[in-house]
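One chain, chain A, appears in both complexes that follow, with chain B as partner in the first and chain C in the second.
This part shows the complex of A and B:
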């Protein structure tokens, strides 16, 4: 179970849960952890993913119990209680989430009872068992979404909204392009006449999350995340899920994506209209850049969704040749690995890349070193040094990204594909 | 050069008579002229009761709870014959981490160089015997106790706990941890009880330091809030404890035990169950 990982490509589950919850407007986490966990996870997930900080509350303003040895030995539920009380007094939020770090998790502090006590007084305080040792960022994202499902989502929606869909699978901050990706996918679904709950968009918050149970479809743009969550959503509310193998990027993948949404909701005609209009827009630009868009061999390193999206776009749409596809997520179910492998190997006509599942830098660099024909490396900041040492063209697409400020730039849909190409063919 | 303080950890299953035995050894050592500290490492904090007439004393963790800085001197109390008594204490049942509490308490005494300042000869740690987590293994790690003794009866659960302790000792033995001095066989009255514990010692390649019979004198003394050494110094039982204390004071060389795997231990126990049944039917 325990193995040494050099330069991990993810934070712990506490980091993932915090990144997810602080991406929601007017939501504040209350850390029940040591001071280092609080600083490390808030600075880690947030500022390493697009070098930005959460909008509503940032790491220097977060309440944290700063557990010390005394709190470990004697338990720190009373201390947490005082912190929650103080947080409610001086901070204004629509929801507070107590997040536990490893120390609180090991000693088993009863955080749920503290949250319950404040809820009974009418304050929106919820507790999440998010101890870092549970897993990585991806698990933290799942833990946070489950906490939203259990605590915020309306448990008894009065009626279905036939135009409302929920969009899941894009992890805030952990995906450095998360905001742009959500914006582009939302834009496309809006064009089909749908309203999209992303939970994390600028104009959304706790109010929108509550309405998630009245949606008609959950759209999950990830090859492996949220299996249990999707099943639970269906069990509680009868809302089915549509899984797409990645964040759709480029004309071919986005077409498939929009078509499957159209089929799931009997909106085939609308899907075709959107595809047609968007392709016209997309190829209009592509044609004008034809003189510079030369062929490349490439390798990709990153989370499963990004690796799939980039590989499929560059191979299927741009006729590039994939060398290596290295998935850094801790994908533990064999069936999920098979699905990801299939998405990476069943390409339109390109030969498939070699596939690796590892988050370890040494293994990643060793794998990359085998592809001496690779010209373009799409990866995380962790691989930038390798790219420089080999004189490879480099593009940062995945976590950690500590080198590029990213606002609404995306690696999704038609527009994200255009800006991605702008980046690949820059500094000509 | 400063004299070497003999640090000894005594482990055993809860209720097996570990605190009774340890307190009597402490009392006996002090009557033999040694300067002794007994350090109770059990969240129940009742190790040194019979050395202090059963009076309440605040524990290290009580002090930690109330003060920002704990002075070890504030949690040391003098008991029978000047014995220094300390109780690590623990959190309220069901909260916090008792194991970390043991580590915190022992570390505090080490950092403040209490043993050296008090010019002690012998420190006895009386530790909850199931070694359930790293905290309870603290006294057997490098730099704390040098010798470990386990108090065990011939009951299977006590032997099971002793075997677990052996596993803990074996684990730390390669990194300078404490080694096993031997088994203090407690409540050994029937001949078959002696045979069982001897057999266990033989299989784990360990020694029996001594056999302590069950005695009503011990119970009578404890009801008075005293050790047998204090309450009945001339009794046969007191002589047993004095002999035990002399052996511990003279003990120099401990060894790595060879714990049984859990399946082997069960097989060994069931073999004894058959023998005891045969014995019963003979009677």
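This part shows the complex of A and C:
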């Protein structure tokens, strides 16, 4: 049930699925789509995250059937078959995912049987229905993760690895800070003696994804994503999920996060040790900023996790005052909206922000205009116009971002909080 | 662009059009005129660029305009890109309070695919009007809206009575063409049909030139182009690049037309000639001195200013001569491989001769009558070289580069850089490239990137291309099959 939207804050499910899969080492999507989808989705998803691109295949390097009118009329299963055959001949990958675009989705080409044919010959080819009309980027992420669960994750793990956890909820590229966020959360969990499957960062690939079924816990850092996925994981492998309401950012939130991981895995002592050492590091810096980092009223626009993380950090840790919190994800279910609202409302001392759910630019700007005392706007490039028209301090933290190159910077944990504070400092 | 032209480049009647072929330039130049180049198709390909992207890009910098995409949300990917150019373009023009392009997408979903999306389109157009009261609303179709058969024109004609904006539907369904430049034609067909349909030719403004420019021209290039033409007494009506409804309505009053890019408005200028008797010049992109000379002389002839232009060219050349000579002394003999859109590719191919460099291979998205002219010219300059009719096709590109081992690669650097080859580009949407004065920037960019290839040399030791080792040993055109 999608709505008409101005200057959207998401690409389509194909874009989300592609960005997710191309973030995995040595994984190659094969588009069964019209001739523009590779470029539209790369330009509209991956490159609107941290500006940079997936390392292995990107833009016009993505294999694609480039379906034309003839294919629309006659079907293009054979064409796809030849593309898969050739891809296997010349491309070096651990897994290939056929991704359908709208065109293939509408005409109903049977992509599953093409993939099956090659799998039966021993080639790692999988097919995913990811047509853009199914939904937005977040859905694409869920579709891709489900495809990994169905096809790559070892269905019958021999034994549990008591130290292994899976980390979910950070969407590659759609979260501009995804890789830095995964790095910082991994760093903290490593300090607790845990091994972390992120699936996406750095050298993780198919090998790590396979082992996901031998983990002891799924950690989901998102207020609403992956509910069905988590239930499925538990049903198949008995692995429970721990949901944290956002990517933990700053001392207050990260403390809660680490403590709940500690409780879930009976590692309370380790969690406390890490918290204590990290807080020492964090506050050693923070105390040198007393009277430097001035109070602000602020508003945040972005995906649910980023809006929650930034709002909670600035309110709980910095005593800034939240005005508006605008969630741009397409969240339809009332239960999900309640969950997000709760995450944004239950703050340590601070008054809560006013909360809006919309990805529509006009509605976002109208909502923001209500807060004439807001001084700092943490949002996406789309809100740069509004910020300039009001003379607001502005910082890009969310998709779409076409103005800030982001490699390993994070909006997570203790270290991400410090760099974020550096970024939003202003002496004006 | 006669009434019969569909806007699909493959269907043009006055030329053969090839999109899939690989071979050498002598064979191409010899066989194309005899109509025996050989129809072929790739049985393996990588992503193209769809025509909707080009339609959107062409128009997105128009002022007082709104843009409705009748599509699923993903088709706004090209708007993200074009919106970035637009925002940066405003800042370069000193408009620091920059605005977003007003893009409204109908966000077609599964339900709409089944039940149709016309009601949503109606709403989206009304919404664009209600929110911004734009003078013009461009409406773009998509693969999805095309396949489900939404009657966009009917919706437009119905809603046009309710709104003050001129409504311009553009038929740019991606699946209809493998040539993204078709999207430019689709945009101009729509401009002609919906904006200029009632516009009578007024009195000709004797010094006015319609200059059709795509959005890939930087502001500083715009300034340089205006300077050059202004110096010989020609005024410019830029369209549709940072233009307006008024400027489009002025099109019939110009004395002549030209374009900055060879595949931009080339068909439309034919229509303007047939309909209004406006002559046009169609030469080459003004990149480098000789290309700029050629481009300027083509225009000057239409204004009876050939002698003036020749004199001007000579004086401009004196100003940059030392630069060209310096570049030539340092770049002489370097071998070059070029890839890019048709306009830029062939402009670059001619440009490098100014510096004494040698073409060893070129990728062009299309081969048609126009390309044939370029190839004949380049064959005389460079002898036989590799021609790959491909919109990049990185798998063929890296195979060719690995074989040809050029000293320099000109084009999108993502793949060539990973092979350690020095890379540079003649396409810079935000920086200078064109005309005489900007040669200082363009020339030094080319020279300095070639003399200092450290980044590519280092990255090549670590970066990863997705191809198997033995692919580099195989025929680069293995998957181009005769049909």
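We adopt the following convention: the second predicted complex is superposed on the first by the 422 of 428 C-alpha atoms of A that agree within 3 Å, B and C clash if a C-alpha of one lies under 4 Å from a C-alpha of the other, contacts with A are read in each partner's own complex, and residues count from 1 in each chain.
To be clear about the criterion, contacts are C-beta pairs under 8 Å (C-beta built on N, C-alpha and C of every residue); 3 or more make two chains touch, one makes a residue touch a chain.
What you see is a predicted model, and the numbers here were worked out from it, not measured in a lab.
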Message: After the alignment on chain A, I want to confirm one thing: do chain B and chain C clash, or do they fit together?
response: fit
Task: For A:264, select first, second, both or neither according to whether it touches chain B, chain C, the two together, or no partner.
output: neither
Message: On the A-aligned overlay, A:107 touches which partner chain: chain B = first, chain C = second, or both, or neither?
response: both
Message: Quick check for you: in the superposed arrangement, does A:72 touch first (chain B), second (chain C), both or neither?
response: both
Field: More chain A residues in contact - chain B or chain C
entry: C
- prompt: What is the angle, as a multiple of 10 degrees, that the CA centres of chain B and chain C span when seen from the CA centre of chain A?
  reply: 60
- request: After superposing the two complexes, find the smallest distance in angstrom between C-alpha atoms of chain B and C-alpha atoms of chain C.
  value: 5
- prompt: What part of chain A is shared between its chain B contacts and its chain C contacts?
  reply: 69, 71-72, 106-107
Task: Would you tell me which residues of chain A are touching chain C in their complex?
output: 1-8, 10-15, 28, 31, 34-45, 47-48, 53, 55-69, 71-72, 79, 82-83, 86-87, 89-93, 101-103, 105-107, 131-136, 361-362, 381-382, 384-385, 388-389, 400, 402-403
- prompt: For chain C, which residues are in contact with chain A within the complex?
  reply: 43-53, 72-81, 83-84, 87, 96-113, 120, 123-124, 127, 131, 142-144, 147-148, 174-178, 180, 391-395, 414-415, 463-464, 466-468, 471, 474, 479
Query: What does chain B use to touch chain A in their complex?
result: 61, 64-65, 91-92, 95-98, 100-101, 104
Chain B-touching residues of chain A, taken from the complex the two chains share: 69-77, 106-107, 109-110
